[in-house]
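Going by the order they are written in, the chains are A, B, C and D; count residues from 1 in each one.
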Amino acid sequence: MRIVEIEDVIDESPTIRTLIFNDKITANAKAGQFIMVWLPSIDELPMSVMIPYKYDEKLYAAISVRKRGISSTYLYSRKKGDKIGVRGPYGRAFEIKSERSLLVGGGTGLVPLIRLAKQNRCHTLIMGARSKDEVIFEQLARSMVDRVIVTTDDGSYGLKGFATDPLEELLKEERFDIIYTCGPEKMMKRVLEIANRYGIEAEASLERIMKCGIGLCSSCALDKYILCKDGPVMKGSIILGLEEFGKCYRDKSGQLKSTI
Amino acid sequence: MLSTDICVRLRNPTLLASGILGISYPVLKRVYEAGAGAVISKSISIEAREGYKNPIIVKTEHGWINAVGLANPGVEYFAKEIENCDIPLIVNLVGSNEEEFGKMVKILDNLKIIAYEINFSCPHVEKVGLEIGDDPELVYKIVKKIRSLSKKPIIVKLGLGSSNMIEIARVANDGGADAITAINTIRAMCIDIDVAKPILSNRIGGLSGAAIKPIAIRCVYELSKAFDIPIIGCGGIKDWRDAIEFILAGASAVQIGSAVSERWLDIFNEINNGIMQYMLRKGYKSIDEMIGIARY
Amino acid sequence: MLSTDICVRLRNPTLLASGILGISYPVLKRVYEAGAGAVISKSISIEAREGYKNPIIVKTEHGWINAVGLANPGVEYFAKEIENCDIPLIVNLVGSNEEEFGKMVKILDNLKIIAYEINFSCPHVEKVGLEIGDDPELVYKIVKKIRSLSKKPIIVKLGLGSSNMIEIARVANDGGADAITAINTIRAMCIDIDVAKPILSNRIGGLSGAAIKPIAIRCVYELSKAFDIPIIGCGGIKDWRDAIEFILAGASAVQIGSAVSERWLDIFNEINNGIMQYMLRKGYKSIDEMIGIARY
Amino acid sequence: MRIVEIEDVIDESPTIRTLIFNDKITANAKAGQFIMVWLPSIDELPMSVMIPYKYDEKLYAAISVRKRGISSTYLYSRKKGDKIGVRGPYGRAFEIKSERSLLVGGGTGLVPLIRLAKQNRCHTLIMGARSKDEVIFEQLARSMVDRVIVTTDDGSYGLKGFATDPLEELLKEERFDIIYTCGPEKMMKRVLEIANRYGIEAEASLERIMKCGIGLCSSCALDKYILCKDGPVMKGSIILGLEEFGKCYRDKSGQLKSTI
């Protein structure tokens, strides 16, 4: 466990904040890898590694957290100077290919995609949000990716609809070699199905409950895979063959529960 | 050449320890296919348990400390999980009294599992595990109860509690246990000095990994001197050298736990290959010939 | 700033653990002068003991296993060895029954030693140490006997035996113990797989060093929660971070054992300096303020 | 503990043999350092590190053992192919100075001096033995040291008398900058006293009972020094100030016993 101090806090949206800290080891994380974030006396949560904005990328890293339940809200409320613990980075990252790539993400699922775009030239990013309020990382994305397309469910900003809508349009007209996606499981499912239909390689970064993060407890089991080791990034071709993907997840006791 | 007997014949002496990747049947099957001689489930209890809040594990300098809190889906759910079991699976059970164990065995006994392992040694959950394992009378009653309900081999898993391990092994043996696993994790704690707080949500957990190996070797040595039934060594095994050390101390087989995290599923094949090379070098023809020879 | 109280005030919280360089008075004095807050003698018994044959120690991956066999010159000889004692010396005693302890205390009590530490926890010698420490009645009788003969502080040194440490601490406390040291080494073994033999001549010894630290931290934490008397932490301390972890867990002072072998006598100053830096950084003014705060 | 195989055995005298083995770590020992030699199921003994004769000095090392009690006789009787365990090297070595040096040794005390002569040019070596039979390492010494003087107590070879006799003679006539000595304690005492008288710096390699070899058990205590850490090589000026040197040693229980 490494204790780090939060050195900067950036509001991304009314519910999402980026916390920046100095930690060489996390700074080395590959896009798609995650860390376990310890909130002393409170909880420990898996978080994708974000880029540290203007801070030195060799020394700094960040996480972008959405306030949801108690623990994420506690983390969201940490201020400059507060201490958190981190361990990792863990897991399988996106495989970086120097080809024409298309990124599709939503919500905090954009985090690993932003890191990917920073580490590797990416051609197009489609980012989905519920409404204008929730559009995050747009400026950042535009500074790194050749083309950025924003969709909102309610049409309050960018294109109206889901991120998967412009995806289909693009694929009809342009050639892409690989699609990377991260976001709500339903969204990823659609992205992977579309990629499959168009015969394009795809990778998605998945989420399950993570307790140990290091391949021991099996709380992150997804079919025969252990997401903290075999994932969180997995190949679309494998994911689409899974029985549990898009349907169910293991709860904290290990029982399969429906995701719907 | 690698096959060994723990009251049931195994293709090799490396087992997946309980609590490691042991909740999902597809995962257990994958571990077996990756090379394990048999796999052991997470400790299963009568009711589902969510376990403790995170953090449930912390890596220390020479091992890990975990307090998962016996998270498991409960016996009924798990019986369904493994209903089509076609691998050598040992189900590990945890409970508070003989009635609970009796109920669980009734639910499981028709399944194609090869043995039970009884967790008398979880060091960080109240009223089960070590608290039971420290009570000779209760251990006897529980083993006896399971014996009366099942013909499957019963393995008792012991740890470092507040009792004499040999005495507990004796009553378990009297009650009808067929084999002994030693050891479980050892009660331990890790405090972060920067924030001045224990790291685990449960504060206290169980120490596993290389740190406990010399203690586990000693336990296997003492148990194998005292009993004629198979002893299964567990604690800190990370390579073939460790596995051999357990076998020479008296173990008929070994379990791999936390090291799975570092070497991942290849660890079973790696250890089995290492054991085989060692046997070839030393001229051993079977695991049997090696068991306990450091005693003489 | 570094001074602390273990029923007697010490200039700093780092003590030399028993059995380490603890037989010759000139050496003990040198260790004190090198920076230790106090020094503890080797366990002294009623008669001289040669100890076990070599090998008496083996280094393992994460610690040491020793079976010295309580080699010591006997109480009468040792009383002469330390007759001109002018350093804070604690004499550690080992024996089989209250008469033996009584005789030893009578021989020693007029000397200028600052306390007794009673070894109820040596894990590798029969009929003394742990075998006594596992018997609550005997522990009570022994402490009571010493109490009746001496006004000096009595520290009981506990270990991982076949009994409940808290219970043993309680009877010792009832008998009149003023402080508790936790922990001694843990029964362990190391087998060389090339020659297929245990390395120690006694086969079984006690594990010390970094491997046992998380277990010792847990014991200190549990004891300091249960008792109001000073707890002295021991087990695997090799730097100031380890020492602080023990203090935060509830220790009023710490003992350094095997790590002396690696950092040699500078280790006391190094650890004391590290503790001081930490206190300055965190704004603590005394050791007292830090004791046990990880509990809250 | 490292298990090594004895690859060669050399008879040095009717009671002393050199056992050669492959062990890189011991091969790195400095002259005066010792190893602990494990005889499985039998004992463990401290032994000075010897040179490996014709074997590669970067890979091989040796010990030269005199048969005395049960354990040393057992070690002496080991054959090519037998296995022993070794740990170390431990302790303080001779301080190597590129000056005109004089070595005085007797019996297996010659072992560290031979290693010293190999690692560093030495001017004169005086070696004492009881009788012709017990003269060891003479050829070896002559091949490395400018001048070798042999004494025997009974005069059956070389000069008659003790090694300290020619020492006095030499010091009267020649200038030496440092004297290194190892051998029976009485001999070393006389050597150090003579060196002191002539104002010459000296170092001696001492022996005491060694159990742990690593500064824990204090069986090797000599006054306030711990020989396995502060020695076995110590400065003559310090040694001569010790109360116990030449008079007594700690037995296995820690009691001081007279050496006379």
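As a convention for this text, a residue touches a chain if its C-beta (ideal position, glycine included) is under 8 Å from a C-beta of that chain, and two chains touch if they have at least 3 such contacts.
None of the values given here were measured: they were computed from a predicted structure.
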| item | value |
| --- | --- |
| Set of chains adjacent to chain C and to chain D | none |
| Chain centre separation in whole Å, for chain C relative to chain B (CA means) | 33 |
| Whole-Å gap between the CA centroids of chain A and chain B | 36 |
| Euclidean distance of C-alpha centroids - chain A vs chain C, Å | 51 |
| Geometric centre distance via CA averages, chain D-chain A, whole Å | 67 |
| Set of chain A residues in contact with two or more other chains | none |
| For chain C, residues contacting two or more additional chains | 197 |
| Graph class of chain-chain contacts, one of line, ring, star, complete, other | line |
| Pairs of chains satisfying the touch condition | A-B, B-C, C-D |
| Partner chain C, residues of chain D touching it in the complex | 1, 3, 36, 38, 40-41, 43-45, 83, 85, 87, 211-212, 214-219, 221, 223-226, 229, 250-255 |
| Residues on chain B engaged by chain C in the complex (per definition of touch) | 60-63, 65, 134, 160, 162-165, 167, 186-191, 193, 196-198, 203-204, 207, 210-215, 217-218, 221-222, 241, 244-245, 248-249, 278, 293-294 |
| Residue ranges of chain C in contact with chain D within the complex | 19-24, 26-27, 29-30, 42, 48-51, 53-59, 64, 66, 68, 71-74, 77-78, 192, 194-195, 197, 199, 201, 257-258, 260-261, 264 |
